[in-house]
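Letters A, B, C, D, E, F, G and H mark the chains as written, and numbering starts fresh at 1 in each.
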Amino acid sequence: MNREQLRELMEAVQGGNISPDAACDRLKNLPFEDLGFAKVDHHRSVRTGMPEVIYSKGKTADQVAGIFASLAASGVNVLATRATQAQFEAVLRVEERAVFEETAGCITLQQATSAPRHGRVAIVCAGTSDLPVAEEARVTAELMGNEVDMVVDVGVAGLHRLLSQHARLQQAAAVIVCAGMEGALPSVVGGLVGVPVIAVPTSVGYGAAFGGVAALLGMLNSCSPNVTVVNIDNGFGAAYVATLMNRVL
Amino acid sequence: MNREQLRELMEAVQGGNISPDAACDRLKNLPFEDLGFAKVDHHRSVRTGMPEVIYSKGKTADQVAGIFASLAASGVNVLATRATQAQFEAVLRVEERAVFEETAGCITLQQATSAPRHGRVAIVCAGTSDLPVAEEARVTAELMGNEVDMVVDVGVAGLHRLLSQHARLQQAAAVIVCAGMEGALPSVVGGLVGVPVIAVPTSVGYGAAFGGVAALLGMLNSCSPNVTVVNIDNGFGAAYVATLMNRVL
Amino acid sequence: MNREQLRELMEAVQGGNISPDAACDRLKNLPFEDLGFAKVDHHRSVRTGMPEVIYSKGKTADQVAGIFASLAASGVNVLATRATQAQFEAVLRVEERAVFEETAGCITLQQATSAPRHGRVAIVCAGTSDLPVAEEARVTAELMGNEVDMVVDVGVAGLHRLLSQHARLQQAAAVIVCAGMEGALPSVVGGLVGVPVIAVPTSVGYGAAFGGVAALLGMLNSCSPNVTVVNIDNGFGAAYVATLMNRVL
Amino acid sequence: MNREQLRELMEAVQGGNISPDAACDRLKNLPFEDLGFAKVDHHRSVRTGMPEVIYSKGKTADQVAGIFASLAASGVNVLATRATQAQFEAVLRVEERAVFEETAGCITLQQATSAPRHGRVAIVCAGTSDLPVAEEARVTAELMGNEVDMVVDVGVAGLHRLLSQHARLQQAAAVIVCAGMEGALPSVVGGLVGVPVIAVPTSVGYGAAFGGVAALLGMLNSCSPNVTVVNIDNGFGAAYVATLMNRVL
Amino acid sequence: MNREQLRELMEAVQGGNISPDAACDRLKNLPFEDLGFAKVDHHRSVRTGMPEVIYSKGKTADQVAGIFASLAASGVNVLATRATQAQFEAVLRVEERAVFEETAGCITLQQATSAPRHGRVAIVCAGTSDLPVAEEARVTAELMGNEVDMVVDVGVAGLHRLLSQHARLQQAAAVIVCAGMEGALPSVVGGLVGVPVIAVPTSVGYGAAFGGVAALLGMLNSCSPNVTVVNIDNGFGAAYVATLMNRVL
Amino acid sequence: MNREQLRELMEAVQGGNISPDAACDRLKNLPFEDLGFAKVDHHRSVRTGMPEVIYSKGKTADQVAGIFASLAASGVNVLATRATQAQFEAVLRVEERAVFEETAGCITLQQATSAPRHGRVAIVCAGTSDLPVAEEARVTAELMGNEVDMVVDVGVAGLHRLLSQHARLQQAAAVIVCAGMEGALPSVVGGLVGVPVIAVPTSVGYGAAFGGVAALLGMLNSCSPNVTVVNIDNGFGAAYVATLMNRVL
Amino acid sequence: MNREQLRELMEAVQGGNISPDAACDRLKNLPFEDLGFAKVDHHRSVRTGMPEVIYSKGKTADQVAGIFASLAASGVNVLATRATQAQFEAVLRVEERAVFEETAGCITLQQATSAPRHGRVAIVCAGTSDLPVAEEARVTAELMGNEVDMVVDVGVAGLHRLLSQHARLQQAAAVIVCAGMEGALPSVVGGLVGVPVIAVPTSVGYGAAFGGVAALLGMLNSCSPNVTVVNIDNGFGAAYVATLMNRVL
Amino acid sequence: MNREQLRELMEAVQGGNISPDAACDRLKNLPFEDLGFAKVDHHRSVRTGMPEVIYSKGKTADQVAGIFASLAASGVNVLATRATQAQFEAVLRVEERAVFEETAGCITLQQATSAPRHGRVAIVCAGTSDLPVAEEARVTAELMGNEVDMVVDVGVAGLHRLLSQHARLQQAAAVIVCAGMEGALPSVVGGLVGVPVIAVPTSVGYGAAFGGVAALLGMLNSCSPNVTVVNIDNGFGAAYVATLMNRVL
């Protein structure tokens, strides 16, 4: 029930077409989504240009294709993360404009244009093994309208590689840092920039890396106060938040 | 806003004392608790005879006393769990009828009478060290109107003690089992009765008991399918659920 | 030894056909299941209409088929959980009426009718990935004679979807909530209903979900006191306990 | 700039082709410590109005007082977190304008004024036990120039309390959510707003709360994509990042 | 009901003093301990000379004293483990012959004599910090009638100390090895003797010792196949099992 | 250097064929295994009839076959644990008398006869899924000369099944109990017998069973003092220790 | 060097008081990237004879081959760790002199000769299953110019095997010890030698070995003070550090 | 038995004063420490100048004083770590030259002079809270004859502070790095120097620092291959190993 429908109900009460008691009954089961609640969702979508997102893992190829086609028909940009080649092929059969970003594991459809944004999103990753996560972040960020600056292979064991990119990092509106193993990079980057750093622990490593736990703990304990953390390998989430930070002009 | 107030608003619209638009504005920010949502809470309170409960840990003695007095004034039974002697003394100063159940760590005020219930709640505990948790369950269950049957010190290393209580256990509407260390008792009890068993791991034990984690894991993996689990030392929660199972006649 | 056999023994003693000493010897090794102990099991089966259940994982297809046929011959409803297509095919060869619930991973045989029950069991799940666990619960609950109300895809990030189902939830005798990732749904549902909520953490998620541990911990720490918890992915156990709560009329 | 370029610059200075001041400007971005690196830090300080912060835990009262006095003398706002009454008294002896925020455990000195900011920072906390963490966030945010909107005691077990604050939450530039136990609140809040949510797990709870680990895992696995996480009880860090998001006008 | 009572019942049936039905009723609720079940316990006590044991932790001084006096009156040797000085003083007031083994934290009363045993029990401990656990084992083993051979301070970092005790170790009927930190000693001892080694991890250590977990894991993974493990700091349990292995002649 | 060689050296010194200094030099590097050290190993082998054991996991089929043939040639009984069908086929090519115990995953060769032993070893397992571990224990125990009594499918949720086997259990010299899930069975068995119980946690279960960790913790915290524990799934080790307890007559 | 000092230096250059070259030397330690920072890296490479190393896991065969060829062209020794047969075949196509160390999983190219070193590196491993890790260490150490002494299969359960190698161990400049399961070997070796022991936990074992965690914890808690630890299975890292310890003459 | 005693035995055999058989018997139980085994320990002490070390935690003041006096009498430098003021006072009563290093928690006695060593040991710590651990390392290293270079408060969030110390670090023979929280500093330092880095995780931090576990995991997963790790807070062990690396000239 939106405001128009609510107003009609009030006018019906005023006009005596519906009794106060019957109006109470209708209001008692008021669908929450119609009273502004679901509007928020629509507002947010409009405001951030955020496409609906399909988490493909655990879905069949046909399910992914079905949802993808439905979203594509609505005119928004479409993103399916954690997708396989087989899922992409199913999508292609229903939406031939779809593109597969293989390293990122993402299927995308760019059909809407975004309003210009305040700045760039920098995505930094420690090693080449962290690239799939960084790429998931890049694809997401770009589809959501951000200009992205990728800074790859700047692990802390060779600081000069990172320091040489200092100027580029300082120009970002938000910085995403993907790192596995000891996960030290966000702390170091955090000390170099004056914007929020979104740390993404990756499952890269072996032994006591425990599938990303070592990196996760390192990032949560960062001595740089501008660091916040998302789930292991969650490049999508990091890009989503970075997009919210990188306001539309 | 309760139904009476809502009805008054509708009548004001009907009578022309308030315009439809103004009514929309008032309804737009409608406190959700008043539209049925909070009614549920009140209905539940009436239905289960459940007193409001104060979790005393981390509150000052004055805070506990203040909330206690406020609840007491509303006429319901009052329960404060995890309370200390000092908190009890503060409560006594504002409500002289309050009682301190020392082993349970509970302050209670019994002033409302409950409707009769379907059956009894049995509370079983493995050893004497588990008594504080079992007592928290007993005090809670009794204050909520249940007849309680306590079965103490029937650990699985001496099965005959438990088996001799078989008949009593079979008469319960629900069975709460408190056990620390290996937490095996709920599985054994679960095999003896045909009603739900609510397992409460206790922090009793040392070394690899890990403050109740061993017991918690044991209970979650119970081979008796009628066992569900609550948090470590959560005697209150177990009694709350047992009360819901032990329906009012 | 059942009561009839026990009585015959007593009569033999009375009649002098067996000496007291010989009777003592026979009673000393008395099979416990015959003295009332095993009767309980049979009583429970009759009382709850609970079919014997086969946990198929780790059994060969022939083993599952053999046990299935044996149970089917006894006239009860038969349920095999965690079953594969290959196990189903083996079962079909010995019991052609068997049905395979693919999403639930359950093989069932419905041949007994249950007495009518007090109410319905609601099964709520957070996302479509939680469906296999929710389906295991549904198949179990229905085979045990419950009317089931499925509420799917009502995760807490879009509350309006859940709130719109509020009325349906309030009509349940017990609510099962399946959720992975952060496992927040049972707490929210627990605040909306006045009956026990059985929380089933699912292994859905990645990274710090740790195969369901994050959801499990969230549920154990629920701030809603009517929530109890079963093992990760244990839809069967949740339905078993919900059945015990949903009494036969 | 490599040695050749450096040498060319030196020869240009020697030859009078470039003034010493202009050479200094070019070298300004070289030595990270003294010539630009620390400037970055100063730029950031100016830009965010961020006072230097003293982590008082593990420091003697005299050490805290000494650092506090030194910072106070520089004219900036001063913040000491995790401070005790004894540390505050030592600070008072050297800086009589200092204020002790007891619940937050913060000593503050407000002497600089901040430029107006884009919006407000909302701080939401699940229960009264989470207040010390929320207060640390509030004190930090206010000292850094943010207008703060506190929303207290809106745990997910009573959704109506939270939903009634929906309008206030939607007006924030960033939302900090502090919650212990199951840590479900950030996910729910995340679904209600279109700005970043910074989740702060608190060590509130017992048993399987594991000192905040359950809440931490819940938040990392949030199904709301706008949620990022900081360390357990890290109210300061959350406010620091929220400040960076709430840009100066 | 013991065999004598059972025989009397049979004779009453035989003599017509009680009807078969009434006898059935009495047997139906037969206390399991009376049918041979509890006899086992008594047999075991006689066979192993094992005194009843009081776990004092979490009991009041008066409770410990009361149980101690009761056991003392029955004529057996009495052992109270994890006892404090205050508990000992309470015991002394009711049983003046009681002795306090301070390092072991044990209160003992030796009043029964044990039959001679097959061999000796060797108790080995890695460092002086492990002595309290080793002493709990020694006191227990001696009170249960074993001759004990203590081998102290023979950690694996100085193998010669251990190897010089090789002959003594080989004469034991069972070897208890107490070690904290890395817990390597049981594996080394296990390779030196041909009898079972009972490994007791101790909570000695710091940092990644995790209160005995490192030692526990080391012992569970021992490459010596004659090693079994008990709980952290459980000297009592190790001595109990060693006593069972060191048979009475 | 064995005693004969040592004696020859002494005689050479006595006869003046070697100087004391030269003898010192030879003794200085004395291989430890020859001076009694390795003799222990041989003595133990003779004393326990313990065959050398091959842990096959991680070895190639050819490696297993090679070691197997070498041991077989020495005349002892040979045991290879954790073996595959492929490894067995390789063994068969070099030793046609070898037998494959498929459920146990063991290849055996019985060619030596053992001296009669004191008693029997009972092996109890909770469910049919625990059989592979129990079978590894059985094959090991039998090859080492023990008479074995298998008691299968006596989980604690149906106590009567276990209690009906009480008499058999009481006749064992040692009891091995294999259980997964909550691992409660050893505690219950421990209360029924007066001999050592060797608990073997199995990796059977799902979710919070954590691959045997729940069972392991349960067993370490057993309230029955006669329980000791070995590594998860370590049926071999349990049988090895049971053999040491079941002395040769 | 602050701006004032920098300006003075510039003025000295301008005034001819210092030559451009001398100014360059002073500035040499300023820009870490281009003026000395990377030089450090080169110095280290020269000093340690350390070949560039390729971590092959997660790289395609073509990627490994490409990097390998590029490094080979520069004239240094090349090492690719964690490599597969397929990766080796790709490397062979671009560099026919490459060698595959199968057990170690390493591809090597030896083309540079190292300066003679101070001593030998001993590599000790507990069992044959630890060989792949020990071999990764050996291949690395040899390629970096060390003479290596391998001591295999000297687990602590048969100490005589280790003690017989005592003299060899004492001649090493550094000792690498690889062990899984309980990881006790480094402590024992640490007590036998006067040089640093680098402990490498391996993922060998099952059950409570937790993929090397038990060994890792054991090594971190070593009672031998000359033990340091690297990540699970990190034979490469251990050899790298041992090389640094084994100085060039 | 030392070589002199061994030689006397050989001469007795040669002289016919003892039979070869009797000599065999005496040699059979030969104390291993006398045959070269314990000599190693003495050689090591001489070689490294390493004083015997007292771990004071868990010892009484009198015990520490007794051992301290005994060691002092032998003329070596004496070190007692983890010592309290009370223990120091007890030591002072028996050895008035003893010194208490309060921050380090170390009691020392410097009475022997060490031979000059190859280089310096650098000790780096991230923050002032890490100082107690760094000081334990410094006191240990200095007492063992090393020249020490302390570099304090150079956490990775302000890289310029660390980079400005680059030259000092490069002059060290070994670098000890103490860091809590995320433990990133050793990786960064490892990339700056060409010598071994010994990483000491400290228990500094809160929440997800888990008492040093986050730092420990970070260091074990370091991407700098010259990093090895010791136990949490183990400054002593780090200094011990650094001393072994910093060879005597």
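Just a few scattered comments:
Just so we're on the same page, contacts are C-beta pairs under 8 Å (C-beta built on N, C-alpha and C of every residue); 3 or more make two chains touch, one makes a residue touch a chain.
Note that the coordinates shown come from a computational prediction; the quantities given were computed from them, not determined experimentally.
Taking the definition of touch as given, a chain qualifies here only if it contacts chain A and chain C alike; those chains are B, D. Any chain touching chain A that also touches chain F appears here: B, C, G, H.
With chains reduced to the mean position of their C-alpha atoms, the one farthest from chain H is C. Interface residue usage between chain B and chain F, two copies of one sequence, is largely shared: over half of the residue numbers at the contact are used by both copies.
With each centre defined as the average position of its C-alpha atoms, the distance from chain A to chain D rounds to 24 Å.
With centres taken as mean Cα positions, chain F sits 39 Å from chain C. Each chain gets one centre point, the mean of its Cα atoms, and the points for chain E and chain G are 49 Å apart. Annotation for chain C: residues 29, 32, 37, 158-159, 163, 192, 207-209, 213, 216, 220-221, 231-232 touch two or more other chains. All chain pairs that touch, listed by label, are A-B, A-C, A-D, A-G, A-H, B-C, B-D, B-E, B-F, C-D, C-E, C-F, D-G, D-H, E-F, E-G, E-H, F-G, F-H, G-H. Across the complex, chain E is touched by residues 36-37, 40, 43-44, 47-48, 53, 166, 170, 192-196, 198, 216, 220-221, 225-232, 236-238, 240-241, 244-245, 247 of chain F.
In the complex of the two chains, the chain H residues touching chain D come out as 128-129, 158-161, 163-164, 204, 206-209. Interface residues of chain D, counted against chain H in their complex, comprise 31-34, 37-38, 41, 55, 57-59, 63, 201, 203, 211-213, 216, 231-234. Of all the residues in chain A, the ones that touch chain H in their complex are 126-127, 155-159, 163, 181-184, 187-188, 190-192, 205, 207-210, 213-215, 217-224. Taken in their complex, chain A has these residues touching chain B: 3, 6-7, 10-11, 13-14, 16, 19-21, 23-24, 27-30, 35-36.
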